[in-house]
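Should a chain be cited, it is by its letter among A, B and C, assigned in written order, with residues numbered from 1 in that chain.
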């Protein structure tokens, strides 16, 4: 079996959960590992899904709707000029693109976060008390909108105790604890470099599968709350040769996405 | 026929319309098309106690906070995106010097749109069960009289002044945006319509006949505009749609200077206080020739 | 009777006096014939005239076409879609945004016409007859209701007869002065007909005679009004157009009668 990188593993696993005929929202990412989690992996996962079981699925990059995801159409950099001229089927005003959410047509919202708690609440606003934060983060962006309206939300985050916390310090993305009045499905899946998690009937995070070579102790030691552990935990299915070939030759040969080369500051999730 | 009123002003006179304590809405998003030259003039004129509104804040917010002009700010974001973190913003909020009110992207847009529609408030489900409701401004629940569903009531934004950057205008105030542009900046139109006064800096003031050639590009006819100012590269170091890209080098330098308040004062002295005219700022940045490197030729979008 | 000016010219000049500098003024649609002249042709000339005289910054809004160039050389010969799209103007915006201008309080004078107008200036383009006993179903509210709610002032142009000037309209498509609670706009300010000019009493909100056109008698006016018009002690003649104003209209603004004779609709008409 060929060796695969964790980025490839995650892209393949995520792609399995994308349904045909759905719109997925990919947000902004600044750079580095955060970019790979927030943008790179979702982009590759979406293209892989289009090439396999979900040919009608599409993605939205802010106001850039249904861009062409063939590797030779992906811009070289994510400068303004390149983004504006990236071939796509529709560019509308940003608030018309928000209508996709509000009209209930967002299939998957991809998010990342500084903190995610056991109920799937997400925080990208502050660490510490809101009124006197230890670290003030950039802000909620469209995360509240995703979690209010998207049919399903997928989070791709780091698996450590600082990220997976008992309670987030600020709720920018509403989890599964209280959803009265909100139309969307909320956080459905969490993907990390160790495992995949979903949520049990009480809305608490539950271990779904562990990646090959990862031990249960490893997962528990790096989770800041008591994860619901089912009796039998599956092993995340590794990428097939076919899928690796697609990623390496057709979808992301220059690793613009999976190594953030498009940001001109390449990196990986492991270094 | 009587002469028609010209709304073209100098930067100084246009920004003089802003008073201490004003609520100022700023166009653009992230590090895109914020009216940075106007922002620098606000700092030079030492405006105080401003409340800032935007859809998505960036270097505009950070510079104003770092220069001590801001009392309170609302947005869905404040960061320097590819340039790095907005350290003045972080210091300002973490120290309690600036009150920052968080809201999501659609909530921010909705509040501008409500005002643009002539309404005093709007409704949204998005803040429900999130910490957005920690702030008293988001704690009013209203019930739909038709379905009984609950919504959060959000007051419309009513800025005293809106400042934006656009592509061109005639001197009467008809403001145009090219059809090829970054659609993330479209909230600018709603922002302009929500404000009592609107100041727009443009790359170029053109003859009215140029405007008349493409009226669908005039998204802000003159009735919405109080002052237009000709400022080429007026968004620098932000990008201005397809006209010029963001200046990564300058942005990273700004980020480095922002690491401490003392160093940031050096940036302010060098690029803001000592550059009394926009031209001297451009010179400090290497001159027009250097900035032209941020421009790439216009493209026909549909030549596939 | 040959007064040296047409009725359309008289009304255009009278209306132009109410156009204020730096305001946007709304002209709606019209199908054709005399109703087109009253709803569209005459108001367009009124605004253009005002621009030439005292209000150079005043602008016109014809649906989503904002601030068109009004000198005859720029006005298209016909009002086909192509002609309207390419009529030189400073701005064309989505209709939602054009109507939104009303809600922002930026429309000064809004020109309207109607099948019925009552003593309070309520307008009706909805139906003749009651809901259950409808005699004529009319086109519908269009944007008239928005005008009534938000425009600073409304100028109504109609035929002066008992069928039009009624005690109570059968349907209110545009709010008059009877009840304006909660509406930001100023409501009807002026009514122009083929016989007279009316305004509204500040205290009661009821229609009041302002001036009578040359060649028309007071009896004429009263007998053709379906309610008790307030008649002030002294009622002047409607001030006729000056030769300067007529020259502007006939030589520069509308030499070919595109507006005052509806020739742009390709079916000439006149108000006389």
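Definition applied: contacts are C-beta pairs under 8 Å (C-beta built on N, C-alpha and C of every residue); 3 or more make two chains touch, one makes a residue touch a chain.
A quick note: this is a predicted structure, and the numbers were derived from the prediction, not measured.
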item: Overall pattern in which the protein chains touch one another (line/ring/star/complete/other); value: line
item: Most contacted chain pair (by C-beta pair count); value: A-B
item: Length of the line joining the C-alpha centres of chain B and chain C, rounded to whole Å; value: 40
item: Distance between chain centroids, defined by C-alpha means - chain A, chain B (Å); value: 29
item: Centre-to-centre distance between chain C and chain A (centres being mean Cα positions), rounded to whole Å; value: 58
item: Residue list for chain A, restricted to those that touch at least two other chains; value: none
item: Chain B residues within the chain C interface of the complex; value: 1-5, 116-119, 170, 172, 174, 189, 193, 208, 211-212, 215-216, 218-224
item: Chain C residues within the chain B interface of the complex; value: 22, 24, 51-52, 54, 56-57, 59, 65-67, 69, 88-93, 97, 100-106, 150, 184
item: Complex contact set, residues of chain B against chain A; value: 29-30, 32, 55-57, 75-79, 81-82, 84-86, 89-90, 93-94, 96, 100, 102-107, 109, 113, 125-132, 134, 149-151, 180-187, 190, 239, 241-242, 245-246, 296, 299, 301, 304
item: Footprint of chain B on chain A - complex, ascending; value: 28, 30-31, 62-64, 78-81, 83-85, 87, 91-98, 101-102, 125, 130-136, 138-145, 147-149, 170-174, 177-183, 263
